[in-house]
Each structure stands twice: as C-alpha cells, then as structure tokens.
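What follows are several structures.
Two complexes, one shared chain (chain A), two partners (chain B, chain C).
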Partner chain A sequence: MDQLPARDPVSGPRSLLDRLFDQGLLVRTGVDGLYGRSGEFESVVEAVDRIATRLGAGDGAESLRFPPGMSRPAFERSGYLKGFPNLAGTIHCFCGNDADHARLLACIEAGTDWTGGQAASEIVLTPAACYPLYPVAAARGALPEGGLLFDLQSYCFRHEPSLEPTRMQMFRMREYVRMGSPDQVLAFRELWLERGTAMMRELGLPIAVDPANDPFFGRAGRMLANNQRAQGLKFELNVPVNSEDKPTACLSFNYHQDHFGTIWDIRQADGEVAHTACVGFGLERITLALLRHHGLDIEAWPDAVRDRLWG
Partner chain B sequence: MDQLPARDPVSGPRSLLDRLFDQGLLVRTGVDGLYGRSGEFESVVEAVDRIATRLGAGDGAESLRFPPGMSRPAFERSGYLKGFPNLAGTIHCFCGNDADHARLLACIEAGTDWTGGQAASEIVLTPAACYPLYPVAAARGALPEGGLLFDLQSYCFRHEPSLEPTRMQMFRMREYVRMGSPDQVLAFRELWLERGTAMMRELGLPIAVDPANDPFFGRAGRMLANNQRAQGLKFELNVPVNSEDKPTACLSFNYHQDHFGTIWDIRQADGEVAHTACVGFGLERITLALLRHHGLDIEAWPDAVRDRLWG
Partner chain C sequence: MVLPEDIRDTLKSVAALTEVVDSLGEDDNLFDRGLDSFGSVQLMLALEERYNIEFPDNLLNRRSFSTIRIIVETVSKLTVSAAA
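== the complex of A and B ==
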C-alpha cells in the first residue's frame, strides 16, 4: 500500500462525512448511507464514468442501462438471497381500497406503523449493475463464437446503514461484463486489472490490489467466502478513504466461473455453459477517494488529476 | 392539437412497445413498465436532459442530485400517501438470523411466498424528483429575498404496471423547483411554459398545453382533482405517443401554492410561508415522443431535430 500524502488534506477533528456535509458536497437526508449529491460532486462522478467509457471504447461492448429495480422472479432465481439476504431491498406497495387508505392515514397521524399492509411488488432493487443483465443475455440464445461484452451502469441498493461515507445504501456502479469461455473471461479480467490500476494511479490515488471475498451472510457464508478467496475469484482495488487500516474497495474484478451461466443456462457457441466475469467501478467511492486524497476543494486539485478528469 | 404526420413512421400491426423491443431500444425484463434501455435510447435521454440544462443555464439554479430513494419519515410527512398511496413503493429488508434465512430459502425453493418476513426500512422510492428537496431546503432556514431555485433529476417510481411504454414504473424526471413569493413562483411557471413549449416545437413534436390534475386516489381524490383543475394549478404539455385520443404528458408545470411550504415550514425572507412551483420533464416520455414522431431509426431523424439534440 502506498503511503498517505504527508499533508492530509481532510484530516481534522470532524469526520470525513461531516466535512462533506459542511462543504455541501453531500446532503443529509436523515438516513445513514442515503445522501443527496451537489452538482460539483456529480461532476466528478460523471468524469470518472467517462474515463471508464474511454478505457473500454475500443472493445465493442454493447451498452445497456437498467433502472434501479429488477424483476423479482429474476432476482429470486439469481441466487442473491442465498448469499446476501440482509442486503436486499424488496419494493412493497399498497393494494387496498378507500377504507384501507383511511386506516393507513390514521396510523401515520398516530405515529404507529402503517407498513404492515404493504404487499411485495414484482420489483426488487438492483443489488449490482449486472444482475438484470443475465436473463436478458440468456434470452438471446447461445453466445457467438467470441462471446459477448456488455457495458452497464445503474444505481444499486444494499441495506447496510453506516456512517462511513463510502458505504452508501444507494450508489452507482459502472460495470463491464464478459461472457464466454474461461480463457476469454479470464483475459478480460486481467486486462481490466491493468486498466483499472493504471487509471487510479493516473488519478493520483494510493492503491493496493488485494484478494477479496463478498460479504456472504451467516454461518454458511463463512465457507463461501473462504472458497472465493482460496480460488482467487475476486480482487479489489483498495484505497484508504475512511481510514488507513480499513481501505475502501473502489473497483472489483470478479470471476464468476459458470455460476451465472448455469443459473440462467447461458451457453457458449459450442454448447458448453458460459463463464462470466465483471469489473465494477464504485463511482461514488472513487469520487470520495479523490476528495479524500486531493482535498474537498475540487478547483484546487492537482492539474494532472483535473486534466485526466476534464481535459 | 397539431395533426399527426400523414406518414406515420411507427404505425403497423405491432404495438409501439413491441416495436421498441424489436428494435432493441427497450429491453424486456418480464415486468410491465420496467425496461432496460439501449445505448441509443440513452443517448436521446441524455440529449434532452442537456437541452433542459441549457434552457435554465442563465438562471443560477443550485444543482442537486438525489438517489432514487428518500427518507421514509420525510415521505410520510410530505403528504404523498394522502393523495397517491397506490403509487408509492416502500423498501423492505430482511432482519433475521440463520434460521430465518433457511426458511426464506426453503420458501423460494418451494415457490411459496417468502416476502412476509421483510420489514419496512427507513427508505421509500422517490415518487417525483422534488420530494427529497423540501426538507433539505427547510433545514437551511428562511429563503433569501429573491427566493431559491433548484435543478434536480432522479429516477422515480410509481406502481402502475402498464403496457403503454410511456407509463413506466421506473423513469427519470428532470425538474426545476422555485421557492419564494406567489409572484416569483408564478413568473417561474410562466417562463417555463414558454420555454418548454418552444423546446418541444423545435424538436418537431405536435403539442398541446392542457389544464390537468394529478391522479388522486379514491373517492376523496375526485374532489382534490377537481379543485386542482378549477384553480389552474397544473398544466401539462401533451404529445400523442400511444394514441391520438389519449396524448401523453411530457412536461408538467405545477403551482403548489403554500402546500409544501406549510408542510415543511419553509419561510420567505419576510416570514410568510413560501410558495413553490416546479416544472418536470419526463425524460423517457420525451424520448418516446421523438421516436414515435420521427421514427425508430434515430440516424434517420430530420437534421433540424438531430442538430437540436446533438448539434
């Protein structure tokens, strides 16, 4: 891990989150991990997103954009609830009549719980940008010879209220997703490990690439996490943002083997189950890493960093 | 209402929605009103969004971007559930242990309902881009002499599954919101009625500006809707998209009087309750109107329209 800059631009008695509020870069909503963003904050998010576009521009990815929700049946089939039931968000709706409506309003008036009558809709919040993609790809039939490459971005939801600004409940993830043979998807992951590392260095950020695991739930989850690490399936590009001891994963590089290919019956051209891999950019996290290391005054960032973002 | 073009570029036996799927502009998810968007579709959405930015560029609006969810306490206080309980979406989460998790997975395996144990979180989906703004503005204290102007955009949710492509459950709304005296906010609404009308004409769309009402729920809602019309509080800029008989509201111009000012105790500089108004651009709806009237081949759109979007 590189050293933090000697002159720490945002150290001080107040937390990073408080300083982001003070500066107006993030806006309080009353819920931990749910924030408004200023126009300035957004200009960095958009610039990082454009860099990700430029890095992948020559690869011929198909660009798709999904809304922040996905089909509940697809979500159930995806297996997400096996690993991360605690992070998922289901969308519930009112299906009552005038009398039910009156009762609901009376509960709100009295300050008592009114949500018991809400019924699960067909939509759940997207947990990672690539989850809505797999059923769409599967519906197209077997992959072409060279496999497929997609470019995605969406708001994602994870129910993990936190005071660390890098752990938002609603945040944007940019992704490239590769589907094909094991060789094809591993080459893709290798390429993006190099590209992502170079990108972050050019943005003047101290980084480390580390093996990682997803935060699988419960007792059974520990074994899944250990397996994932032992097999080298997940790497994260970490930057100290909230603290030096617990750096923040700003990009992640994931080899799913045939996990999604089997679930969705996605086939390679030769009939074998497809392998998949993805690289994910945490757009808010990269933005926060830039603010943490170059200071909260974006106008005063080093010229080289500003040129890379807006040049 | 202007006439539809004599040569209807997307008429035919298949519905507009089916043709959008056929062309790959929208992508099926299995849920009515929830669709993926192609890169081409998004390029139009982004171009319309940029026009809205240019039109308001000289006004000094403060730009804020909220995620697609907002605080549930703020949502309850906003009054949205009085008018539109049926459209709201609450986000529910799993709070159980390993045993609860095993039961949840067994339900999914058996194809029975597993959502009963989900508990309401502190977050609800944003129903209109301006709803998260009012408590933020209120927390800043009384308005300055000239009032305030905000620029917003977010994904919004309304639970109204439909086969009309213009009635999506998740869609993006760009908004300008004015807070101040009645004169200030009415002048703002008038200005945007003119700007919005000119914008849509320059995009080659046949439009009508009509008085309108929100779709208030239930028996009591009918009276609210009638009042809103009688007082001329809401106007919509309509374009035939799905049909000529039922044109689609692509922009709306809303004078809230002191509704939000009273709920949130937002005060003018002189201590009077603030009035508010907003103009909302339905970004997907304007995009669909362009596709409907200029054809599904975006490259073949009239030069004047393409220049306005990308010139």
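== the complex of A and C ==
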C-alpha cells in the first residue's frame, strides 16, 4: 500500500484543500486530484445535481447515463487527441500469459516498472460527459424537425494533477446537450446562460461570466484557443474559490458549431449538418465554491442557501 | 520571396482545401471556403516547415490564415525577420 502524503505542518495558514481534509469533507488517496468524498460533501453534490434537473425539467430532455469509460474507436474519432493529448486517460490491461504474469509479479516484487506489458484496452476514460453521446445520437439517423436535447451526467477524467481542490482528475460533470440548427442551439445556450447565472446567484455565490477557451495543447493549441475566443464559442461562469485572481469555472456554455455534427455525420431534418451546444455543470466545483464562500460547516450555511439546496 | 502560387501549393496539403485551391482568389476567405480550426493548425505547421519560420503568439489567430494575400504578407515578413 502506498504511503499517503504526509499532512502539512500546522504552522502557517492551511490551504483550502488541507482544511477540506481536516474537516473530512474530502479524503486523501495519495494522488493529487484524486479524492474520496464524505457523505456531507456528496449531499451537496446531489443537491446541486437536483437543481440542475429542476431547471431543465420542462424542456423534455432525454436522460442518459453512461459509465465513465467510452469506446476507444469513438474516442479516437471524436478528435479529442488533436486538442488535448495531455489530458486523455486510456485504460490498459494485462493481456499476457503465465510467463508474463510471473514477470509482472517479479517487477512488483523488485519495485521496478511492471506496466510495460500492459496493453491498451478498448476503453478510454470519458473526458467530458457528452463524448459518448454523439455516436449514439448519430446512429439514430437525422434529427427530428425540432432537434434533440439530452441530459447527461458522468464522472470524467483529465490527467492534470494539482493541489487545487477544484482541479480534480476524476470529477462529475452534469450536462445538457442540444443538437439542431445554429439558431436552435444558440438559443439553448442563451437560455442556460440566464438559468445558470440565476442559479449561482440564488446560491449566494459571487460570479462573473467570461469568454473562455479550452486548454488546448501546445502552440497549435494557442491558435485553437485564440480562435475559440475570437468566435465567442465558449463562456464560463467563474467563482473565486482558490483565489480572486484565478477564479474557478463552475459552469461552461459551449457552442461547438458543426464540429461534432461533421465528425459523426449528425444531420438536421433538412439534411444539413447539425450544430451542437452544451452547458456543463462542474458538480464538485460548485460544491467547493459553496464550501469556500459559506464555510466548511454545512449546517451553518445561510438559510436561503440551504433552502435552495434542500428546501 | 513568397509567391501566391507557393502558398497555393501549401494549401493543397490541407485536406479541407485540396478540392478548392485552384478556384481560390487571393482575397477569398479560406474559412468561408472550408478551412476549419484544425485545418488552420495544419496550415500553420505546413507553412512553418516550408519556410523555416515560426509564427509568434500574436499571429496565432484566424486572421493570419484567412486569405492567400494575408498569408503571403505574413510569411514574407517572417522570412525577412528570420533571415535578419
């Protein structure tokens, strides 16, 4: 069993992450960004998730839940590796024989690398809740006249170890995804910008909605990021959690144009390539924002906030 | 010296433009003719390799790759500064 990281000395101010550990809200695993959650923490995550459900209840979204792994061929086709090779997580497994097994155990015994014989499986960790959806939607054929709307939630993985509690490697993303004409999906995004802003204000959180870009990799990524900002394709709803200078994106509102429609050949009813957009709720991030601003004692949160979450 | 025909030749290596390169005017917007974001990255890398240049961060945007004329101007400046 790996040793868990030593607790920081008590001298000096405790970081938010340390205080979350101290309070038992998050549980150390020995890996930065990979944490257990307490029942109390989960009660907030679930309450935020329910609010997202209520906000979208009248829209007629089809609810789907995928496991946190997706098909590797679908992942490859999605284009994720073009923009984010550094964040992707693949699942590798032992596929050897008895001799390979013996070598593996010998490596572990000797404390040397045992992973060289692992082979890529057919599964990749889901990088965003909507990624498994597109091939499923495409397989149904052309969209109906009014387009389609989906409701998703999934654990997601991004390989970015960090001591900021808001940058977890495995976290849950709740999403609504709209597919249809450009007008339909842009109207959807506007609606959720309003809904998301109102929700966070009612939860007593200081917010700002800002143009944003995805964290594309490398120099090519800088160009993709500049393009994304210039075209106003992504907005984030930010809340100061770790610091005022670098607020945390708790919700994001994304217009993919025809990116996924083209990749997956998703067609509108009239045969044109479908456009897509999504709103994503970072469930742990919203929970952490609430803990940061209302305190680590959830029982002591303002009545209005508790009523909104559990009333 | 950077010639429009050389840029046209480089554009042929970008899958999204291969079919339309010969009908492109020097001021046609390449993004209106099928170039997408990933295609513009391919184009940037192809130009950097062909002319042995590096686009600085302030030129990594859609405008720099939007028309043949702008690409000629931009690459010309970068090749001059690379040679200096």
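Convention: the second predicted complex is superposed on the first by the 299 of 311 C-alpha atoms of A that agree within 3 Å, B and C clash if a C-alpha of one lies under 4 Å from a C-alpha of the other, contacts with A are read in each partner's own complex, and residues count from 1 in each chain.
Everything that follows uses one rule, which is that contacts are C-beta pairs under 8 Å (C-beta built on N, C-alpha and C of every residue); 3 or more make two chains touch, one makes a residue touch a chain.
The structure displayed is predicted, hence computed values, not measured ones.
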item: Chain B versus chain C as contact partner of A:R219, first or second or both or neither; value: both
item: Dominant toucher of chain A (residue count), chain B or chain C; value: B
item: Chain B versus chain C as contact partner of A:V136, first or second or both or neither; value: first
item: First (chain B), second (chain C), both or neither touched by A:G30; value: first
item: Partner chain(s) touched by A:N227 [first = chain B, second = chain C, both, neither]; value: second
item: Contacts of A:E42 with chain B and chain C, given as first, second, both or neither; value: first
item: Partner chain(s) touched by A:K82 [first = chain B, second = chain C, both, neither]; value: both
item: Set intersection of chain A contacts, chain C complex versus chain B complex; value: 82, 219-220
item: Chain C partner contacts - residues on chain A that touch it in the complex; value: 79, 82, 219-220, 222-224, 226-228, 230-231, 259
item: Touch list for chain B against partner chain A, complex; value: 27-31, 34-39, 41-42, 62-74, 76, 81-82, 85-86, 88-98, 101, 104-105, 108, 113-115, 118, 120-123, 125, 132, 135-136, 139, 151, 155, 157, 159, 161, 168-171, 217-220
item: Touch list for chain C against partner chain A, complex; value: 36-38, 40-41, 44-45, 57, 60-62
